[in-house]
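Look at the two complexes coming up: subunit A is in both, with subunit B in one and subunit C in the other.
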Partner chain A sequence: MRRALAIARKEFIHIRRDPRLLLMVVLLPLIQLFLFSYAVSFDVKAVPTAIYDQDHTPMSRQYIDALEQSTYFHVTGYVNSDAEVDAEFETNKTRVVVTVGHGFGNDIAAGNPGQVQILIDGTEPNSAQAAQSYSAVLSQLFGAKVAIAQLQYKGADPTKVAGLTTTTRTWYNPESRSANYFVPGLIVILLTTVAIQQTANTLVKEKEQGTYEQLIVSPIHKMELMVGKIAPWAVVSALEVIAISVIGILAFQIPFRGSVALFTLGTILYVICCLGIGLLISAIAPTLDAANLIAGLVGILPGFMLSGFIYPLDSVPPFLQLLSYIFPTRYFMTITRTIFLKGGGFDVLWPQFAALTVFAVVIVIASSAAYRERA
Partner chain B sequence: MTLAPDTSPALEIRGLRKEFESVVAVDDVTMTIPRGAVFGLVGPDGAGKSTLIRLLTTVMVPTSGDAFVFGKSVTLERAEVKPRIGYMSQGFSLYGDLTVLENIAFFAELRGVPRADIGPRADRLLAFSGLTEFGDRQAQFLSGGMKQKLALAVTLISEPDLLFLDEPTTGVDPVSRREFWRILFDLNRQGMTVVVATPYMDEAERCTEIAFMSRGRVILRDTPEGVRGRVPGHVINVTVPDYHRATPVLRELPFVTSVEASGETLRVLAEPRCAAEECLRAIESALVEHGFSDVSVVASTADLEMAFATLIPASEAPLPTDRTDTVSAGEGR
Partner chain C sequence: MIPVSWRRIRLLIWKEFLQLRRDKLIVPMLLIAPVLQLFLFGYVVGSDITNLRLAVLDHDHTTQSRQASEAFTSTRYFELATTVETEAELTKVMDGNAAVVAIDIPAGFGDAVTKRQPTTIGVIVDGSDGRVSQIAGAYAAGITAELNRDLYGAVGSSGASISRVDLHTKVLYNAEMRSVNTMVPGLLALLILMSTSMVMSQAVVKEREQGTLEQLFVTPIARGEYLIGKLLPYAMVGLAQITVVFLVGSLWFRVPFRGSLLVIGAGLALFLLCSLGIGLLISVLSRTRAQAQQLVLFIQLPQIFLSGFLFPLAALPPWLYLVTFIIPLRYILVIVRSNYLKGSSFLELWPQFAALALLSLAIFAFGLSRFHKQLTD
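Moving on to the complex of A and B:
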């Protein structure tokens, strides 16, 4: 115990005296927090839009008005030929071109559906998808309005006509704020980065410095060394989670709707998983560079790509979906978002907790074995 | 320092062997080192000195054989061996970002030095090694000699009975080297047994006994005087202006075995059959005959460098490149 404490105290001195390390564990998370919350906004509003009105009738003008009044589209200009449409896209002036076809007004007047073509620049899929759904909804609403007007004109009472009303309401994140999505996710990512990378480094560094020999000639027990080496990073990780949560809640108004105790439990389980992964890497990596590389490969890459942090996991290829199940990050991502945004409890999250527990047990056994064997 | 009641030697090595993939780094070494010795391990790079020390300090596990530190096996009773030994590895192996005092305190805690003893011992060691005023300096900002003295101080904090040093003064200036050895002898006088690997013959000369290692084996073991005494023949120092031209003249003489330049002096090894006085006169007259003046010819004694050069047969000459003793300590446990 005394020896483990001595190691832990020494690790804290290393952290305190290494400006690069401080930068990595303190400044970098803050930068990422602000970057992901402000700059990388996936909120799609005011999509630059150009209008190609081939019809020039009162009806087409009405449709275009409706579009201009919507906050989702920002009409940047009008075009008059197909060539101009190409130019608009190529110069990146617009992302959407709405073409109101010839005979739009006449068709509607005759009781036929009016034709509107929406061209979307798909190079950036996220806003493309948003633009697509906005314009679909917009056209539907406009169509309904026209239908009602026509019914009234024909003397029918539109309130008596059977129809379909769709009411869409976004739950948990009614304003669809990206920050709500990203900040809880970022907690997971930062925790993963710090815990895996730093534990992976810690033992290899001693080997490269030649200090490892000095440690093994001392009477220290292997487990004491392991605990002493890992404990500081568990503490740093915990502080990191608390700091980002508090900043997220206070500065970005991220809701925290669930149980603090449950979130704490999940965090502890997940930190054990990450430290286990880091220790395993540290035990098998021959050099510091190798340790960093492996840590990046097995910890951070899947953290970003296979956790649902940026892309919903349903939209990645089936093979990668399968792969994501063997990394603990996706479970903790679900736990974090569910607790923060939905206030979900153990009754819904128990499968994720079970998966994390299994992973924690397996990795602790595996890394201790590897550590005893190789370190 | 507590002396165990038993009388087991400080170190007893029995058939110790360490193989790496294709190299035998330590090849069946058997020897006993008595308590109170300052034992020197000499030999070229790659001879296996560092690996031998690593085996003896439990950092590495031998392929076969065993060694006993005060009667305790380094393979089976590591926990009993560790508290009694100190090991100063090659190169600087402390934490550069920790201060002098933090390094000492850390290793003291690690080796279980009683809390109350840490302060006084640290003070004494710092004074002893002339580092008192640098207590709060980060180790990375010390000079080479100070770093080595700190490493020694750190090794000594647990007051080991047997101290292993692996090339402790490599890259250290001569003044610091002398200082370092003064410290070692002080400790030795207080009862500590020292095993030191060194590439310097002047350091080997100070040891009570030396073992010469080559290709993993101990091929010669004796006191420094004993080793020098084994040199067959007489050593004669010849000082002459223009000694380059004198060398072939001396080599022509029938009783001369070898001629080596050492600074401005020629060290001549003459065969044993020629009595010293006779040789001196023969050399002097040969040089005068060849037109040399200001000639000085003096009987001398062999030094270790010459001893090893003559005693180690050519077949034992070291392989220049196989530095097996730098293999990482990764497999120690």
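Moving on to the complex of A and C:
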């Protein structure tokens, strides 16, 4: 134990001696935290929209007004010919062109539906999707308003105009603040990156610099060496989780609705998983470059892509969904979000905890075996 | 100034390729990594948001309420995960992540429809998942608009029908709104940024670490020659990667190509210059390869977030939106995507080309000048 501590101290000295690396390990998370909290949002409000009014009647004007008042469309200009419509799309000035057809006003006055064409630029599928849905809703609301006005004019009962509407409630994050879902996710991502990458580096580095032999001929036991090498990064990872959580809760007002003890337990389990993965890589990789690469591939890509951090796993093809179950990141992502935002306890999170425990046991056994054999 | 000797440059390039070949890992990695990234991006980032787990809370249990819930579950956007009977059950389902969206059909729904009275469907969205919470509301609104026509439009001939507007929607350039069609062109640019600056800076820092950089400079090789000899191989590697991604994108993901290779080539060449410049700068700033690697990440992340590659720029706060104007990736993305999918030419894309050229030349020149200084230390 004393020897393992000595190794850990040596490791801390290494970390301290490389101020640039330390700066990156500290600064990079902060930049990510900042970017994700302020910069990143999936909001598809204010889609740039151009209007082509072929009708020029009070009725068409009214329709366009309804469009202009909605938050989903941002009217950037008016066009007067088909050629101009093409130019709008090709120069990327607008994503949607709304054409109110000839005779729109007359048709509606006569009780027939007025013709409107919506052209949508599909190159940005998300805003295209939203534009499609919201234009339908908007037209429906407009139609209802006109129908009510017409019935009132005729002296009929306007409540006869009935329709279906939706009210949308967003649970756990009613204002849909992007920081609320990104910051808890980011804790997982940053923890993964630092823990896997740095542990993967640590042993290989000694091997490359030839200092590994020196350590082996010293009285240090192999397992003591392993513990001593990994412990500092476990500490750094833990500090990182605490730092981001505190900054997130205090500066970005992220709610923490669950139990601190449960979150701590989950974090410890997950750190063990990550350190195990890192150690396995360190034992297998022949060079530092290789270690970095493998760490990048198995740690970071699945972390970002297959954890549900940004992209919902429901929509991913089945074989990738299966793949995502192999990596521990998705379980810890669910645990973190559920504890932070939903306040869920062990009763709902036990499957994730079980999966993490199984992974931790397997990876610790596998990595110590690989380490004993290869190192 | 010594005249540039192409023979010396050729030899340097030869040396660089020899070194690349000797590293058993790097070559397969350089060619496999982009394909792997393409697959992950194509299948994960490029997948449309579909099959969201939906919970149905039906207080009504009538034909109409069933028709309403079927309208949701029959689309590819939602997949019925479970039906619940009470609000409490629903909370448990959402807390336990068994569903991310729920619809709440009130009691008396069917009655209201038959009597042609207004009614409403509650949509509950899990706000802990950003992507879901943003798009599910839009999906639900679209489905309801259609459902409205089915439920109310069919009944009334009394003039109370509310379909006063006939909407013809047409999606251009990407009719099925496939995300992967946007992702693949964008990846062409992103891969150049990711691999060129990384590999390039690693190569220079490695020579410095191993002390072979000094050896090279006591030879008659001029600095300019050294730089060209060092840059060209990695430019070629970048080109090979683009070709691979382009082919896989077209053949496997069936992304239509409507543009011209000339326009895309010109844009990517400019952007390559910019990436090489960034690589040079990183190699000047780092002492070890680990530092270089961290620095690459440090520089790339803001670019990815502030370029419109993953997230719409329109949603940025105004002061951050200003920052995006100095990010070269922003311009090349517009160029590649518009040319790829819309066939836009230099004529429409000249503002982006001008901005990209300006930024790339500036970054490259800056990298070059710093590199020069470093060598004379």
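Just a few scattered comments:
Following the convention adopted for this analysis, the second predicted complex is superposed on the first by the 325 of 375 C-alpha atoms of A that agree within 3 Å, B and C clash if a C-alpha of one lies under 4 Å from a C-alpha of the other, contacts with A are read in each partner's own complex, and residues count from 1 in each chain.
Just so it is clear, contacts are C-beta pairs under 8 Å (C-beta built on N, C-alpha and C of every residue); 3 or more make two chains touch, one makes a residue touch a chain.
Since we're looking at a predicted model, the values are computed, not measured.
Judged by the number of subunit A residues each one touches, C leads among subunit B and subunit C. Residue contacts after overlaying the shared chain place A:L341 against subunit C, while subunit B stays out of touching range. Legend: residue contacts after superposition of the two complexes on their common chain; A:K229 is shown touching neither subunit B nor subunit C.
When the shared chain is aligned, subunit C comes close enough to touch A:L151, but subunit B does not. After overlaying the two complexes on the shared chain, residue contacts for A:I220 are found with subunit B alone; subunit C is out of touch. Look at A:K10: by the touch rule set out above, it reaches subunit B but stays clear of subunit C.
Of the two partner chains, subunit C is the only one touched by A:Q115; subunit B is not.
Contacts of A:P125 after superposition: subunit C is touched, whereas subunit B is not reached.
Common to the subunit B and subunit C interfaces on subunit A are residues 18. By the touch rule above, subunit C contacts subunit A in their complex via residues 23, 25-26, 29, 33, 36-37, 40-41, 43-45, 47-53, 79, 92, 94-97, 100, 112-113, 116-135, 137-142, 144-148, 151-152, 158-179, 181-182, 202, 286-291, 293-295, 297-298, 301-302, 305-306, 310-312, 314-317, 320, 334, 337-338, 341-342, 344, 348.
Partner subunit C is touched in their complex by these residues of subunit A: 18, 20-21, 24-25, 27-28, 31-32, 35-36, 38-48, 63, 87, 89-92, 108, 111, 113-130, 132-137, 139-140, 142-144, 146-147, 150-151, 156, 159-174, 176, 178, 180-182, 184, 201, 287-290, 292-293, 297, 301, 305-306, 308, 310-312, 314-317, 320, 334, 337-338, 340-344, 348.
Remark: subunit B residues 54, 57-59, 79, 82-83, 85, 87, 89-98, 102, 106-107, 109-112, 138, 154, 328-330, 332-333 touch subunit A in the complex. The residues of subunit A lying in touch with subunit B in their complex are 2-3, 5-7, 9-10, 13-14, 17-18, 207, 209-220, 222, 286, 372, 374-375.
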